[in-house]
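Okay, got some structures for you below.
The two complexes that follow have chain A in common; it is paired with chain B in the first and with chain C in the second.
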Partner chain A sequence: MGQKINPLGFRLGITQNHRSYWFAKPKKYSKVFEEDKKIRDCIELYVQKHIKNSSNYGGIARVEIKRKTDLIQVEIYTGFPALLVESRGQGIEQLKLNVQNILSSGDRRLRMTLIEIAKPYGEPNILAEYIALQLESRVAFRRTMKKAIELAKKGNIKGIKIQIAGRLNGAEIARVEWAREGRVPLQTIRARINYCYYAAQTIYGVLGIKVWIFQDEE
Partner chain B sequence: MAAPALPMKPGKVGVEEAAETVHRIRITLSSKNVKNLEKVCADLIKGAKDKRLKVKGPVRMPTKVMRITTRKSPCGEGTNTWDGFELRVHKRVIDLHSPSEVVKQITSITIEPGVEVEVTIADV
Partner chain C sequence: MATSMATSVVVPAAAAVNARSANGAECSGFKVSMAAPLLSSFVGCKLAVPSSSSSPSCSFDGVQRRSAIVSQAVVAAAAGVTAPSKQKIRIKLRSYWVPLIEQACQQILEAAKNTNALTMGPVPLPTKKRVYCVLRAPHVNKDSREHFEIRTHRRLIDLANPNAQTIDALMQLDLPAGVDVEVKLS
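Here is the complex of A and B:
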């Protein structure tokens, strides 16, 4: 049996953009990289503390970070911007402050924008979060998978594959189950495939959820 | 003095803010992405030519390839397959003869993410 390469990494030069887009000389590279990770962690933490509860999920598809010489641009792609902008006007101010506190040298401006995604369930991250939520509330996994595929099909996607691995329905013996709709050509580089891995914490352990969504070719 | 937006290394003599002193200015652009780099180069040169400065065109330095070769496997078992990751750094150098303020103007217009611009000033 072979192993599959991460479809995001496979397509990085073509059909897939880098999520962090900056240049740094080798000496400073590690520091900038660490900073990127801190920004992403900070955003994740904020979402977890403020927004996630048993009926809601974060809804962040991805965070893109672009750096110019003195400007850091953080774009948060979210399917439910209303969740992140709690009180009107205040919105991401708190988030922005949090992130600014983390960035070490304050002589760089930070610009944070929220970008709304038209069809949130066409993004594998949001779909995976939805599935995780269902599984953690002990819904039968096969029903969850089918429902997730229904949700995703509302957007215009050409194919979707969901794989859940672990102690399904609390069984003692772990196994892997997957459901597919349409076609998901992982070998075709020009196919725009979005992928996400998400871990659902249940009382029986961790269920690994992988979602592949085939959007279109080229 | 307002802090410059770009990291500037002063030359041997202190940099004068007087408009007419012409300095030899070297702009070094580095990036991982050739397309963006070439675009910023072209914009810079166009901007400089519009202000009728003497420009020495983009000198393309050799590309530095930083290779990291790792075993694909997390354990030692199996056929010895290797991943070869590369990071290619492209570098272009542009020389201008101009007062420093004009240069600040030009460089502040054309910054794209992913391209690092460094300006060195050496007095003529």
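Here is the complex of A and C:
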């Protein structure tokens, strides 16, 4: 509907850190930005292709990219690192190769690390992916939302809100449903709120899933 | 004028040495944009000086007096790099984040002070703000917009009388990601 500002952008600089750390002069800025996007897309694609066999969702919370002049550090924060380390002993070599092919000039070294998150369901990205998975396998949405909230409460969060929009349960008329537990003060800037939007592709169309998680204040 | 001729001769040799650090050396004042193992320009400077001492005599072939003056200036420049005298390093830092640039300044000043070079700074230059005004709505509503800005924080550090130790220490420095460094030798 268009009145709420993205809580991540609202808090950038205070209680929210950037996901990419680099400096580029105005002429090169767009190229570096495009490269960042390509790296993230490549990682997402790799996860979707390779994790099809197991539980079907990759569990990547965020990707942080730090650039120094001849080193690119990519840190992948994931809740289930075992899923990404596919074959024995190889680690993320394949993923690293893929990303290196994408980077335009091979002049720079690439360093990729996997960082595990304790309590993965406290991250909205992972939770939203889980909900999408359930919805795509035609589970009733209300049950999905309740289960997701239960999963999230296992971590120490102070509030969670889930909103699902679209053709719920395959209905002809789309509607919006949301469930909340605890408090989620979106107007408070010092509240640390993490947010994610994820689209679930079902046979009836796209369901938009928004997850807000209120971690703590300050 | 003799000294400016000397530097313009030194630069091509240094550029050949620094072929790897892609952002090339410009002729005006030997400005080299920095990359993470900082100050590879110093390597180029040291190597360039002995090789260029021969070239002035080649380029100013027929004019004996001028070649003498130029080679003198080159020797002075050579002496300037290795022995503490009028050499000055100007380091310009740029970043979008204040804590990062402060940290980078502290690291550079520490490295310089440990090796006994005179430091001047960090001088905070005015912050540059690039403001973008975009429409809020996807379709109509031209009157409602939103402003975004990118703030570039800048700091300036001067190091007088650098010696080989300073240069080594600076080269080994590992500055935080997100800080852009530009080094100018004069």
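Just so it is clear, the second predicted complex is superposed on the first by the 212 of 218 C-alpha atoms of A that agree within 3 Å, B and C clash if a C-alpha of one lies under 4 Å from a C-alpha of the other, contacts with A are read in each partner's own complex, and residues count from 1 in each chain.
Definition applied: a residue touches a chain if its C-beta (ideal position, glycine included) is under 8 Å from a C-beta of that chain, and two chains touch if they have at least 3 such contacts.
From a predicted model like this one, the values you see are computed outputs, not experimental measurements.
> Here chain A is shared; do chain B and chain C fit on it together or clash?
clash
> Can you tell me whether chain B or chain C touches more residues on chain A?
C
> Which partner does A:69 reach: the first (chain B), the second (chain C), both, or neither?
both
> Can you give me the overlap between the chain B contact set and the chain C contact set on chain A?
Overlap of chain B and chain C footprints on chain A: residues 21-26, 66-70, 73, 107.
> Can you name the residues of chain B that touch chain A in the complex?
Touching chain A: residues 3, 5-7, 30-32, 66, 89, 111-117 of chain B.
> Under the definition above, what is the set of chain A residues touching chain B in their complex?
21-26, 66-70, 73, 107
> Going by the contact rule at the top, pick out the chain C residues touching chain A in the complex.
Residues 22, 34-37, 94-97, 100, 130, 137, 152, 175-180.
> Report the residues of chain A in contact with chain C in the complex, numbered from low to high.
2, 18, 21-26, 66-71, 73, 105, 107
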